[in-house]
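Pasting a structure below so you can have a look.
So that you can tell them apart, the chains are marked A, B, C and D in the order they are listed, and the count of residues begins at 1 in each.
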Amino acid sequence: MLKYAMIGGGPGAFVGAVHRRALMLNGQAKLVAGCFSRDLEKSHAIGAELGLNEDRLYATPEEMARLEAGDIDFAVVVTSNEAHYPNVKSCLEHGIHVMCDKPFTHTSAQAAELVELARSKGLTLGVTYTYAGYPMVRQMKEMIARGDIGEIRFINCEYPQGWLAEMLEATGHIQASWRADPARSGGVLSLGDVGTHVEYLVPHVTGLKLTRLAARLDTLVPGRQLDDNGTILTEYDSGARGMYWYSQAATGMVNGLTLRIFGSEGGLEWHQEDPDHLRHMPLGQPARTIVRGTPDLTPGAQAFSHTPPGHPEGWLLAFANIYTNFCNTIAHGAAPDFPTGEDGLRGVQFIETCLESSRNDTTWIQL
Amino acid sequence: MLKYAMIGGGPGAFVGAVHRRALMLNGQAKLVAGCFSRDLEKSHAIGAELGLNEDRLYATPEEMARLEAGDIDFAVVVTSNEAHYPNVKSCLEHGIHVMCDKPFTHTSAQAAELVELARSKGLTLGVTYTYAGYPMVRQMKEMIARGDIGEIRFINCEYPQGWLAEMLEATGHIQASWRADPARSGGVLSLGDVGTHVEYLVPHVTGLKLTRLAARLDTLVPGRQLDDNGTILTEYDSGARGMYWYSQAATGMVNGLTLRIFGSEGGLEWHQEDPDHLRHMPLGQPARTIVRGTPDLTPGAQAFSHTPPGHPEGWLLAFANIYTNFCNTIAHGAAPDFPTGEDGLRGVQFIETCLESSRNDTTWIQL
Amino acid sequence: MLKYAMIGGGPGAFVGAVHRRALMLNGQAKLVAGCFSRDLEKSHAIGAELGLNEDRLYATPEEMARLEAGDIDFAVVVTSNEAHYPNVKSCLEHGIHVMCDKPFTHTSAQAAELVELARSKGLTLGVTYTYAGYPMVRQMKEMIARGDIGEIRFINCEYPQGWLAEMLEATGHIQASWRADPARSGGVLSLGDVGTHVEYLVPHVTGLKLTRLAARLDTLVPGRQLDDNGTILTEYDSGARGMYWYSQAATGMVNGLTLRIFGSEGGLEWHQEDPDHLRHMPLGQPARTIVRGTPDLTPGAQAFSHTPPGHPEGWLLAFANIYTNFCNTIAHGAAPDFPTGEDGLRGVQFIETCLESSRNDTTWIQL
Amino acid sequence: MLKYAMIGGGPGAFVGAVHRRALMLNGQAKLVAGCFSRDLEKSHAIGAELGLNEDRLYATPEEMARLEAGDIDFAVVVTSNEAHYPNVKSCLEHGIHVMCDKPFTHTSAQAAELVELARSKGLTLGVTYTYAGYPMVRQMKEMIARGDIGEIRFINCEYPQGWLAEMLEATGHIQASWRADPARSGGVLSLGDVGTHVEYLVPHVTGLKLTRLAARLDTLVPGRQLDDNGTILTEYDSGARGMYWYSQAATGMVNGLTLRIFGSEGGLEWHQEDPDHLRHMPLGQPARTIVRGTPDLTPGAQAFSHTPPGHPEGWLLAFANIYTNFCNTIAHGAAPDFPTGEDGLRGVQFIETCLESSRNDTTWIQL
């Protein structure tokens, strides 16, 4: 059983509990230490709740990394965005493998530094682009790889949410406040929060490399300082084209990540809110609905599938699958099959490029 | 009962029969004359089938307009695109009201000339942007007008089809061949065929005016000469923003016109393939499904609704509703409440602007 | 062009206009005479609206049958249920073919008499079980006939509506009042109004013969005199079994006719509110969605399909398809391929059997 | 942290792992001992995988109960059905609280004995009717309790699966084999496996008591010995009526548990395969879709909800919620708010009553 520590994930930070539960589901790693909050008392409260020893709860991430080095196998960084960089750095410097929440860092320089640091020390560095852990996302990846839809021609990936259709950041709402604060979120709001999921997902699933983009970032809600909506035109190394739309101001949308891929031999359509089903549209034939858990799954999708068909899995198990592969790399030296630091770096570069394009009236920029 | 003549709508041209059936459903107008084909024999064959007198079947549209002037109330022009301009012109010159299929003409100069001609002669000129005839489209229009979703912020309108994912124009397919032929279709393929529906629908429903756009037109199917896919970023006079996607190469999509509108107080979502339902997402409340035929309809939607709730209407009745309003204008002088020549002109200008933007690497162009 | 007269279909009787529109869509028959109401003035008003000559509007159906015999090809009977029997009888006695609304008659003795009368006079007698006119219903019928789902094992057919979840008949609501009045509706309310559609549809689609049933009829809304809900267990000649549920008191349901058929090699699922799609579930393979208008249709479904895929057809076109086949029989002697008087008779026997079973505590009764 | 032991859940028995994961997700209880298989070696293999001490792995459930009494807080019984009774009994006799899989026992006499044993010893006894753990099931229960849909009139609950549409039990399929074996499953196949979920769910959600039923059990697949399909007419203490349909031979259905409840003021509709959404149809208003995780949830549903809206939960978390309430009773003396032994007993009585009714040609039987 691997041992891990958590940085962040204190009260009000729901995603910390999600990472802990995902790791429970795997049964591969055990939480043994933490620095859950900048406020040690809060850390103690949570640590107690989780059954940790008080002497393994720390005032700062740096202290934790220093004192736990050798006693833990990896650290999980789930703080707000601005603290990702120093925390990951501390861990890596002390020789600790790290899984970090997304978006990875504020700047691509920071991300590149961390990637290089991990590389030079032979450490494993992951970034939790969770949606890659869904079985049917893996199914799309493997169907495309084996040619089921032919040559990819066009990709439409959208991720609309509606929870920031109001100025929640003006009401003291914890999740909204740090995300909408330019200093803490890295210069973008929704592009970092949801847009980066799109950025990661498309090449992950298609095997294509994004080569050029033109972006328009919007601030739809009056009074807001950062983007809450954006449209991005894309081009890939194969010549395929695409379009991304992300939003957190799409009133009434919940968590509508949707990926549609059109190829010369067929199309694929997947909705995150109904993750166990995949629509496959073979050219000239009726569309088919592939169901998670059935023999129609590709091997990798099967490996990510845990309950029988029709017994819905969900977001937590997608998280768990990411961690399973991460733990397999740490514990058994398996080739990395999860979103890595390099992916995180590419995500930050994507954000920077979109910002530059948008500031230049949606000009095309080569990546 | 009004009397009308049809130009075009011969064998293989399915849309002619659609117009005729739509007019039957209304019961306001009776077909009395026609020039269904460039080939008089084919015209005779169809005319006989439809019970028309042989002496009211003509070799050319011009001849028909000349000889039928005074005996018919209006003409319906349903030829392939390149013939819209001369045919509509003939009719107007002979004082005949006209309903023309979309896209209106090849060039905006032609469209402007026809609009001016109709205006100067006091004639009624309509363009069949059919989707405006759906009850739930009218419902959206009226809900927005009365403020149900507040200030509009973002519009996402897409219209993907997949039937041109193969090079059908290389196989002699009638519908594909003229649409994909630069000389006959007006310099665009799918932008004219489906993109213009999007162009018309958005301002019709929202009351907004498109002020600026940036477009990328794509040719996804190798060997094709014209666009079969396109993405257009938009801006409106109110400051609202939007995004259009159209395609006829989206493998597996059928006729997926979808309109989503996000405002400060709510959102709306409508799918043309399920036309009798409208999803209304009031801010902070559960989404509601409004069903055609129920007392939840606005007055104009109610007027367009003909069968009880749950007894599906469809595309033909949407067509019929357009014609009902057109006939009311001709017969009773009702204020035009259907897509007009001006709308058709705006549609052609839209096509030209998209082409220009796309040729200039998606540059923004003011309208 | 055939000529027809209508009996019933006056003001407030929406179904008359539906029959007229369906016949317009066909273009095979023209309305020339009518007795639209017991009140001649109302008949005159409607006749004028429809452009009929006043001397072909009649005070009684009998008078109309007598005076129009020889001048019309068929009559359409769309009165309330209690008047079906005398009106159909008048027409047949005067040698006029008849299409009658469902449920056919109040008693099976009446129905048998009419069937025999038509037979002895060589007249065509139809009953508008409209749903048989949907292309995808025909698709199911033909897929089953060619063995696509193997041996049928179980059928679940339901038809819930909710519009009688309130005591509308106590408010003077026209449609509710005669349906809920024991004297006018034939001793049943919802069993006649919606249950009979189920009764017709199942053998029509499956080719099976109902041999035994056990029924429980319910009156769910307090104060109502007749059934507004019912459950029927069924058995067929092949040994297959089934279950019907109908309701008009299922609060919130609209017009939810749904047919699911399970066989040894696959299953089928069709929803009337989404009539252009059929779910086919081949054993051990992903479910497929067959779309109206595509080459995946069987020949008979193709013949019923009029607009391109994704351009929704609807209820009126289903009606029109029934009439097309009826007219083909009258005009061209085609073998009857529409619901006939025999089907109507079987429907009345079904009602009587369900009532008897229900009164005997859901006892099984052989048919 | 509570300590628990597991009986059953060895290789090939997927449900054991599900129970273990559900308990991990809670974080309230830790697995410390087990008798996973009749074969001690297999138990050792699984125990090792789970990190248990070998001296806490036992050859028989009885031995385990005897030696672990005092050291564990509760036992989880997840063997095949025939072993539920002796295993639960052993545990209770040694003073151990028990959670048992469903269906509870083979006979109601056995169930009654276990319930009495638990009562007399003051022990907590639960039965995992998992679906009660879904947030939106709780939502329905609480909406009904507060009167949102008025007086309940009719309930339609169905649970079709298709995985036994073939004779899997003839192929050595583990899950199919013991379920289809009369000796091991308790005289029923699908009625016990899926029908009992329906039986539990309806009174749980509605608060109604089943008073009378008439059942027809079917064996649809030739060669099978037990029921694989069934229809049950129901009546409740309030006078409300209902209908259940369960199947494991409904070719192409996956795990389609669906509950629809119709009341005087509204209707509710919930599909297990889309568990995070609930359709609420208020009388005379548009249907609303209530989404898990939003402020529209009732308090109990909110307590069962763990991830943000649009981040799908699933079956495992429903399981976890059942265990949370079970553990709260054991650890903190909370009033039982989970399916109890009494519920299990009622489930077995339901099976016996259905069998009796079906053997007597669907006669009504009072409960």
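Here, a residue touches a chain if its C-beta (ideal position, glycine included) is under 8 Å from a C-beta of that chain, and two chains touch if they have at least 3 such contacts.
Because the structure is predicted, anything quoted here is derived from the model rather than measured.
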- Item | C-D or A-D, whichever has more C-beta pairs in contact | C-D
- Item | Copies chain B and chain D touch via same or different residues, half shared test | same
- Greatest Cα-centre separation from chain B belongs to chain D
- Report, in whole Å, the distance between the mean C-alpha point of chain B and the mean C-alpha point of chain D. 55
- Chain centres from averaged Cα atoms put chain C and chain D apart, in whole Å, by 42
- Message: Based only on mean CA positions, could you tell me how far chain A sits from chain D in angstrom?
- Response: 35
- Each of the following residues of chain C touches two or more other chains, namely 284, 287, 291
- Note on the structure: So, in the complex, the side of chain B touching chain A is made of residues 149, 153-154, 156, 158, 160, 162, 165-166, 214, 216, 218, 220-221, 229, 231, 233, 241, 243, 245, 247, 249-253, 260, 262-267, 269, 279, 281-284, 287, 361-362, 364
- Message: List the residues on chain D that touch chain A in their complex, please.
- Response: 1, 14, 18, 21, 24-25, 27, 50-51, 161, 254-256, 272-276, 291, 306-317
- Of chain A, residues touching chain C in the complex: 280, 284-291, 294-296
